[in-house]
Each structure stands twice: as structure tokens, then as C-alpha cells.
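The structures considered in this document are given below.
Okay, so chain A shows up in both of these, paired with chain B first and chain C after.
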Partner chain A sequence: MSVLRTELRRSTGPAAGVLTAALGLAGLYTLVMSDQSELWDAQWTLLASFQRIMLVVLWPLALGAGAWQARRDRRTNMAELAATTPRPVWRRALPTSAALAIWLVLAYLVTFAAGAVRVAGSTDYPNAGWVPIVAVGALSLVAAGWLGMGIGRLLPSAHTPPILVIAGFLALLVPVQLSKSAEPSGAALLPPNLSTTLDEFTTIASRVDLARAVVLAGLAVGGLLLVMVARRKAAVIAIVPVVLGLAVAVPLVNAAPAGGVQADPGAVAEVCTTDGGPEVCVTTAHAKGLASLTGPARKALTLLAKLPNAPTSVREVTGERPQPAGEAWLHSDNYQPGRGWLDSGDALVVRILAGAGTRPCDPIDYRTRALAAAWLFGQYPAPGQRLRPGEEAAGRDAAWQTLRALPEPQQRQRIAEIRTAGLTCHGDS
Partner chain B sequence: MMRLLTLYLRSRQVPRAAPAAVVATAALALVGNEPDHPLQTVTFAVLALALGFGVLGLGLGGADPELDRTGALPWWRWRTTHTAAIAVVVLAAGLAATSAPTGLLVRDAAGLAGLTALAATAFGNQLAWTLPIAWGGVAAVVPPVADPVVLVVLTWPMQPPDSGVAAVTAVVLACAGSSAYAVRGTRS
Partner chain C sequence: MVRKVAATELAPTTYGWHVQADGLQVRAGRRMAVDGLDLRLGLGVHGLLGPNGAGKTTLIRALATVLRPAGGTLTLLGEQLGARPDLRAFRRRLGYLPQDFGFYPRFTVREFVEYMAWLKEMPPRDVPGAVQRTIEQVGLADRADDRMKTLSGGMLRRAGIAQAIVNDPDLLLLDEPTVGLDPTQRLEFRTLLRELGEQSCVLVSTHLVEDVAAACTNVVLVDEGRMVYQGTPAEVAAAGGADDVGDNPIERGYTALLGRHRAVAR
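Now for the complex of A and B:
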């Protein structure tokens, strides 16, 4: 134990840990500086997966730190002296490896904690889905550190660490480059880093992260074996856990969804009003928006009642499924966690009324959606709808005049048709 | 003079490291060189330059810096020439192997050479690879955005060749690194 305590203070571990944490914090907070913090501070799973994106930087550097650590005996001309002691190699190697792993895991967790401060203030959806994502990320750093130590011991040249770092960058970069055209699938999903940001309704497919964990565990054990074997000839054994890990993981990722992500059922689950009035529902990921939506939503429902095919409830939706005739839908893009609905009051009512309470459908016809909202609201332009003067504004004005020139029943008929057309939309936008 | 030069080069492991660095730089730049994908070409070019400096950085110091200092030589000239020489060698290898813009390669070679010299001065020649590889590698995998200025400075190796901020960053790093190394030499 006292050896471990010494290694925790005196090995490459502290430097590697501090560097990892510093880079992680810099990555998180440069996004805050450039006003893109919603990429990670909206939800726990977003923070955890953003940290996984940053592994593209941290993983190769951890590899290099391990390789540098492995050269210590040789650098200080201690290798021969250590070889003469009756202590087995693994007894000397274990505390050093443990110290590096502890520092790297600590740095990863510190980065998460620093991001958690912001997430806790803005998320609507406390959940534990981030735990496996963070665990796999931390495991990946341990694997990188130990693999670096193992290769560094096998090839104890001063040039090993820099070459290994570049090799690490390439190993993580090449699958991303190859998948630029399509979503990564199969073995391209195996690197621990993610290449795209998620949204608050999506999470990493558990099967894919399990496969990554198996591969990383194989790499970690293989690296540790390289560090601990007594003779260089015995180093071949390190291939066994690596190959085993790959053999288990490849079938797992081959059966995984493309992109390696899946919908988070807990995040899209509905939270509804229970006060007996017309039903208003939001997704769990946006649960804090329910209170401020209820009033405008019910006002929108009374306005929609003018239609023959009027809906009776308002729901915030995401993803793809057919819209029932009895529901008015508001797309989840209208809400930002921690900031709330993009509009409030009458402008929010108008957002619900857009397309007569249907979701935007590709190709999105903004003019028709806006006209339906304005007609239902009884004011043109409706609150929040003002356009800058230009071709689109002139076209919309003309369309509005044409609509108002019709007799009242035909106007109503026209808006009801817009709603019916919106209901048949099957694509998400 | 000739004998002194030979001994110097041998003490810096140049006869083995220089060919290795040239081959490694050219090979890596060539692998990623696809004129249809400019971003990929530049990414690999930056990684290749960083690798070249990572390999040659070790030669910025000898086996015994203390012993070196006792030599009655104008060390600052040797050190400045050495820094410039590794910049030229790595740049030449990069220019020969990739279709990335020449201005970008020149700027990156100058800046990364400065970082190598800076790391050698601050951490010793065995760790001279750290700054060029870490900064070059991080910049290569992070999207090169055009603002704010802080991020342009952080991703300077990947900025387009006409970026003023990136050019200034590279010049500052080149001057700071080479002058610090010229004055102090590697950390002993």
C-alpha cells in the first residue's frame, strides 16, 4: 500500500490526470464560451456522451502517458538494478499501473462533476442513464493507459510515446473519416469515442456500449499482461484477452442499430396534466415545461374548437409515429432545457396553432402553417409571426388576402383541410 | 569543423532519426492525401508534421546536457541552426508528400518547430514531443471553427492558410520556442 501511495504522488499518474482533467474542462467550457453549451448541459446523458466525444483527444494522450511511464526504469538507468532484486516483475509493476489508472479515472470523473454543476441546474429529467456511459469512458482511459504502458515496456525506445500518440489519434480518427458518408456501423462502432452529438431523446444503444466495454476490458488486460510478464517471450499471451474481447464484441455490434444510438424510452415518456381540464402532455425530458405550456395549450385548444375536426389534447412530440386526429402536436424543438419554451404567452399559442396543431412535415410549408395559425388566432400577422419585409412576407400577405376573400365556411373548410393534410404526415423533421 | 559537426550530429542521433522522421512524415501525409477531401488531407498533413517533430525533438539534446555546456562553443548558433534544420527537413517531407496548401504547411512547420523547441527547453529533450504532438493532434481532431478568437488560436494548425490569427500564433510560437531554446538549451 505504501508503494501505491508513493506511486500516486511520484509517477506519471498525477501529470496525466491533471492534463486529462484540464483538457476535459477546457473542452466543456470552450463550448460554454462559444454559446453552444446546450450540446451538453441539457441532460445527464448529453454530458456523459459529450465526454465520450472528447475521448478523441484524451484517449491517445493517455496512451502516450502510459508509454512514457513504462520507460521510467530505463530512463533512470534502473532496469538492471531492478532485475537483480528477487521481487517478481508484477509486484513492481502493479502499484505503478494502479496509480496511473486511479489518476485517469479520477480525472474523468472530475470532468464529469464539473459539467454536472451546469446540468443539475438545467435538466428536467434526472435519470441514471449516464452511469454506463461514464463507466465505459473511464474504462477506456484505463485501457489506454495500460496498453500504453505495455507497449512502452515491449518497445522501450524514446520514440515510442510520440509514435503511439499519433497512432492513437489515427485509430480513433480513421473510423470517423470512413463513416463520413454513412452512419458508422459494425466494427466502426468499436472505438470508445462518439463522433456525433446526441439529443436529449437519444442515448447510446446499451448493446453497443457493452461491446465497447468488452473490447476495452480486453485491451486493458492485454496491456496489463504486457506490463507484468517476466520475459519478453511470454508477451505473446497478451494477444489472448484482446482477441477474446474482439470475438465477443464484433457479433454484438453487428446486430446493433446503425449509428449505435437508440431512443431513450424514459426521456420520450409523456408527463400529462392531471387537473381534469383538457389534457396537455410534454416529454419527460422537458417535464419542467409543462406548467408554462398548460395555459397557452388550453387557449390553443379553445381556438382549434372552431374546426369541425378539432383536437381535444395538446402533446409535445418527437420522433416518428402517426398523429391521432384527437391530438394537437407541438414539436419538441420548441423547447430548450434550462431555458424553457422558445416563446411564451400568445406567441406560444401561435406556435401550437401552426399547421392547425400538426407537426412540421418535410418539405415544410411554413406559409401554410403560419396562415392556419393566424386564421385560428384571428389576427394577422399573429403574435410571434412577423416576417422581415421581402418576397416571402409579400407572398404570405397575398395568400392571407386570398384566404380572407373566401366566404367564412370555406375559410373554415380550408383550415380543416390543412389540419387533415398535416395529420397524414409520416416523416419527422 | 567537419569533425565537430559529425560528432555533434552523432551525439544528437541525427543519422538514425532524420531518415526515420522523413519517411514517417512523408508516409503518413501520403496515406491521407486525397485532393477530393481537403479536410482529410490537411488533418493527415498536420498529424504527419507533428509526428516528424515528435521524432526529431529527441535530438534537440544530447546524452548529457551538463557536459555539453562545458564546451567552448557558441551554443546559441548551434541550437538555432538545429531548430531551423528540423523545421526545414520536416517541411520538405510534408511538401513532397501532400497536396495540402503550401502556406499552411510552412506556417504549421514553423509553429510546431517552435513548440518542439519550447518543450525541449521546458521538459527536456526526451519530452520534446509532448507539445507539438499534443497541440497538433488535438487541433487535427477538433473542428477548426472561425470564431471566437480563442478557438482560432487553439486550433491554429488547422486554420486556412489565409487566417491572420493562426499565422500570428505560429510566428509567436516559432520565435518564443526557438529563442528560449537558443538561450537555455534543453533542461538538464
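Now for the complex of A and C:
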């Protein structure tokens, strides 16, 4: 339709879209330039959720863009001429609202696509978990644009757009601030913007994003009604979809886990060696690390065999469950998507041997973990363990001497105790 | 250029007058700017003359359905405006150029006229042809794809005329359409007016009395919200004498009629 085409080119839509995409790209690639891109480029869900963090800026701007668009008739003095035409107000509002929505959604998707280029190069875990996260983000921009248009039509002052931008920003800052003192729960989960990044093994609880989508749809419909009603008195009807959305959403978030996130079972699922040798497993999110881990892991298993009840497999884990005595664990923090294990060769063997094949446990005793690794590897300092001269290095040297001064069976006994203590750890590091 | 003639255009009208007002009262703010006006307008070009504040713009805005009459009756294209009038059908047949012509500056001329055609609910397949034709009629064909904000004052006025006539209106209301036009453009505009007057009822408000003399079939002279005189330009000219103020017969007729009316009113 030619009017929609015209509005796509001439309304506030293109400017709002370009601004949204530019800010989104700037947000993503500032982190790349400052070498912090692992906050979003490690996995699809991370990119999608990082975009949702940026909504704290993008959402208020979309609100302001809508209000600016709504002022067009007054700004250009078109209202009188338009009022003498037969086209009803609601019908007239459609192409303008559609153009703004199309541009905002497009901008959001372009930002995602620009990030996707990097994610595709680094992630080991292709999955569709990002789809709802992106969809809710895009919907939130549409809701902001339409709500802004509605409010702008109701209050057609030149001050409305800037005030809406500031008010929207402050409103979205509230949950961000609250999340610093406690995990957000209940209605505090409803704002579209996220306060913290996810990690590779966590995703947004689907019921929480569903609740957000319902609230946002209510806001969008309410905003659209404000744009479309013929008379200002009829504007109260816009409250109905907003209240309806909240009524559906609040019970949903009340039953949601704290923080609104849940483990991503697909990401933590194990991928294991199948060649018949001692079993080595990594998480699906780090599947590409399996090949480079297998060799060092099997070497670590032969070294661990010095201990009684020696483990027979190596597993990369994210924590949160008791460790069986038959497994040696390597925490997933030792892997960086796109880059691989933090060390290779013997240094990686030593990382597996840390704490005699147990995960770090709060409070983390690095000295003891390092001693166990060095003893098992049979070299002090073990590869990758060298410390700068200082108090800790001196203390560790002294502890090593004390350990080596013991008779051999007692040394073995001491290391076995370290492993046993590590196995009883209950928390994540 | 050959244009398809729709059946509705050939159908006989079922009303006697395009515009019929009896004792019409229209408020402009708190002032009763049109106060007891009787008016009959049919086919042709009607020049609306009168001093500043005579109620010309208020009358036109009432005919354009911007303002609701405060009293009297107003019948437009056979449709009497009641308490809750259904204006949609009438507005499809209306063309209006407001005195203070508002437009979207980022639209091109073509996009803007297209947009107005859409607002006037023209059948989509007629729009591109009608838009091109009207843009050519007002002499903006070479600027059709330029943004509205790049147009000069006279060009804007012509774009305003183009949007008003794009739907071949039966009632065309032009408030000060010749402001900003240069002499050549005014001559062309008069020709256009005469063409339009053959198909529809055109009401042109202006201060330029010679435009009226040259292009109008009929003159409506108002003062203080009331009708002073309605007649042909020749009749207006005949009303003036050698000692009336004015540079040409119709101007002398204008001042004479106005002066006589004011003398009686006092």
C-alpha cells in the first residue's frame, strides 16, 4: 500500500530505527573494542539477553519517538485539513503506527544480526533459545513506540517526548537498582529490560518471558487504542488491555524462580567421548572443547590413579550437585567459547588435577588446590602454576617443603584427604 | 488527457444548491463571526469578498465542516447538517485549502497529494492518475518528487490547490489561494478556476478583487458576518460610480456596495 510505503520513508520511523540500531551496535561493539565481548558473543542466548539489557536506553527512546510522531499533525498544522477528510481517525493512524513498529523491530533485529556474526564464530551450541528472548525485546520496542504515540496524542505538548524519554529511563532503572540488593522476583520481573547478563548455562525462565510478553502486548494494544480513539473521553478504554495484561502476567511471575532465570538443560547436557577409552565429558555449550580436553584429561586420570579410589572419568561441570568419587571434575569457567580451554597440554592437565580433581569450593583454598596438582603431576611448580614472587609464592613454597618433608605414604594420605574434602563440597564456586 | 467519466458524475443532482445556508451562525472563538447569513451557491466560481474580519474564513471553515454551526441551517450537497451529521459521504466530495495550509514537510509533492487522496477515500486504482493530473494542472510536474519543505511560498499554495482538487470535489473551498502566486501563476490559476467551475461549486475567498472579476461567475460580498450583496462581477462593477474609491470598476463597485451597506446598518 502506497501510504504505508510513504510513511515508512517519511515518518519518524526511519529516524527511530536508525537511532535504535546505531545505539544497539555501539553498545555491542564498544564491548568488543574493550575486550569484553564474551559478555555477549559466547552464545546466542547471551547476545539476545545482552540486547535486553540495552533496552534500558532503547525502550525510553522508542517511547519518545512515538510521542514525537504523534505530534506531527500539530507540529505541521495538518490537523485542520485532515479533520475535513472522511478517513476515520483510527484508519488514518494505522500506516503511521505500522511504520514505526516495522522500523523498531527491524532495528532490533539488525542489531541482533550484527552481533550474530560474532556469536556464530564462537559458540559451540547452536540452539533456538534466543528466539523468545529477541521476540520479547522487539515486542517491547513496539509497545514503547505505540504507547509513546498514544500518550503523545493525549498530551500533544513539545515537552512530552523528552519527558517521556527521561521518565521511561528512570522507570526502567528501578528494577536495575533493586536487583543490586536482591534477586528480583514477582512483579519486579515484569519490565522488559534485564539487569544482568546470563551465563552460557542459564536462560530466561519461559514463563517469565511469557508474562513480559503479555504485559507488553497489553501496553501495545493500550497505546494503539489511545492513538485510534476518535474522542479524548474514550481514551480511558486504553486502560482495559493494560490491566488485563497485568492480571494475566502477575500470577505467572509470582510462580517464577527468583531472578527469572533457569538452567538451560540443553546447554549443560553432557557430550562424551565414545572411543572406548576412559570417559571424558564436556557440556554441550562447550562441545568444541572435547577434542582438546580428551588427551590432557586421560593423562590426568593416569596421574590421579596414584590415589586410593581413583576417579575413572573427567567431566566438565557447572556445579550445584554432589561430586561422585569416581569422577574428576573440571569447572566450566576453564573454557572460553570461541577461544577454547584457558590452557593446553600439561598446563591443562594441571588444571584438572587442581584440588585432586575436584571443583573449587567456597572459600576457595588456592594454595591447597595447587599443592595437590603439583604433587600429582610430580613437579613443583607444576606447568602453568608459576606465581610472581611475593607473600603467596613464599607461603606456597613453604607448604610444598612441609608436604615433601613427610614420608611418602603420608604425602599420599594428605592429597587423598584434599580430594575427599573437595568431593563433599555442596555449593558452586 | 482522456479521463474516465464515472456514472455518478453523469447522474443528475438531487439538490437545488450545492450550498444552502439560512440564518447561519458560526462562532469563531467567543465572537459570532458569521451571524445570520443567508447564502445559495450552485455550480460555478464564487468569489467571496469582504474586509478583514468580515467572517470569510469562519464561513469557509463551517462549510468545510471544521466548525459546527451555532445556529441556522446549513445544507451541503443536499445533506443537511443536523445534531450528529454523518459527514463521511460529504467529505469525500469536498476539496478544501485552508488559509493556514498545513502539510508534512518531509513528504514529496506527489506523496502528499497521494496521501490526501487516500484520506479522501478515493478508490486506490484512481489515485496515481488523479495525482499526476492535478500536479500537472497546478504546474508542479517538474517538482513532483521534491520534498514539500523545499517549495517556495507560491509553489506550496499550488500544492495546496492540488490536494484540494485531487478528488474532483463537488464543493471546492479555497481560502486565499492566490497568496504568494506571481502574476503569471495567477493568470494560470484563473484559467484553472474557470475549468473547475464548470464541474463543481467553487468558493474562493480573496482580497484581490481583480481575481474575482477575471475568474468568477458570481460574487458574494460579506461584512460583519452577514451577506451584503450577491451578484455577477458585472453587476458589482455597475454598482460603483466614478467618485467611489478604487482603481477599476469592480473595486469601485466593491467599495460602493460596502459603504452603502454600512450606512444602512448604522
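In this text, the second predicted complex is superposed on the first by the 428 of 429 C-alpha atoms of A that agree within 3 Å, B and C clash if a C-alpha of one lies under 4 Å from a C-alpha of the other, contacts with A are read in each partner's own complex, and residues count from 1 in each chain.
The working rule: contacts are C-beta pairs under 8 Å (C-beta built on N, C-alpha and C of every residue); 3 or more make two chains touch, one makes a residue touch a chain.
Not measured: the values here are computed from a predicted model.
In the superposed pair of complexes, A:R72 makes contact with chain C only, with no contact to chain B. When the two structures are aligned on the shared chain, A:T312 is found in touch with neither chain B nor chain C.
Once the two complexes are overlaid on the shared chain, A:T6 sits against chain C while remaining clear of chain B. After overlaying the two complexes on the shared chain, residue contacts for A:L172 are found with chain B alone; chain C is out of touch. In the superposition on chain A, contact is made by A:R87 with chain C only, not with chain B.
Residue contacts after overlaying the shared chain place A:M33 against chain B, while chain C stays out of touching range.
Across the superposed pair, chain B and chain C touch chain A at no common residue. On the side of chain A, the complex with chain B involves touching residues 23, 30, 33-34, 56-57, 60-61, 64, 68, 75, 158-159, 161-163, 165-166, 169-170, 172-173, 177.
Touching chain A in their complex are the following residues of chain C: 61, 64-66, 87-89, 91-92, 94, 96, 98, 100-107, 111, 114-116, 118-121, 124, 127, 163.
By the touch criterion given at the top, residues 1-3, 6, 10, 72-73, 76-88, 92 of chain A touch chain C in their complex.
Against chain A, the residues of chain B that register as touching in their complex are 17, 20, 24, 28, 40, 43, 47, 50-51, 54-55, 57-58, 126-127, 129-130, 133-134, 137-138, 140-142, 145, 147-148, 150-151, 154.
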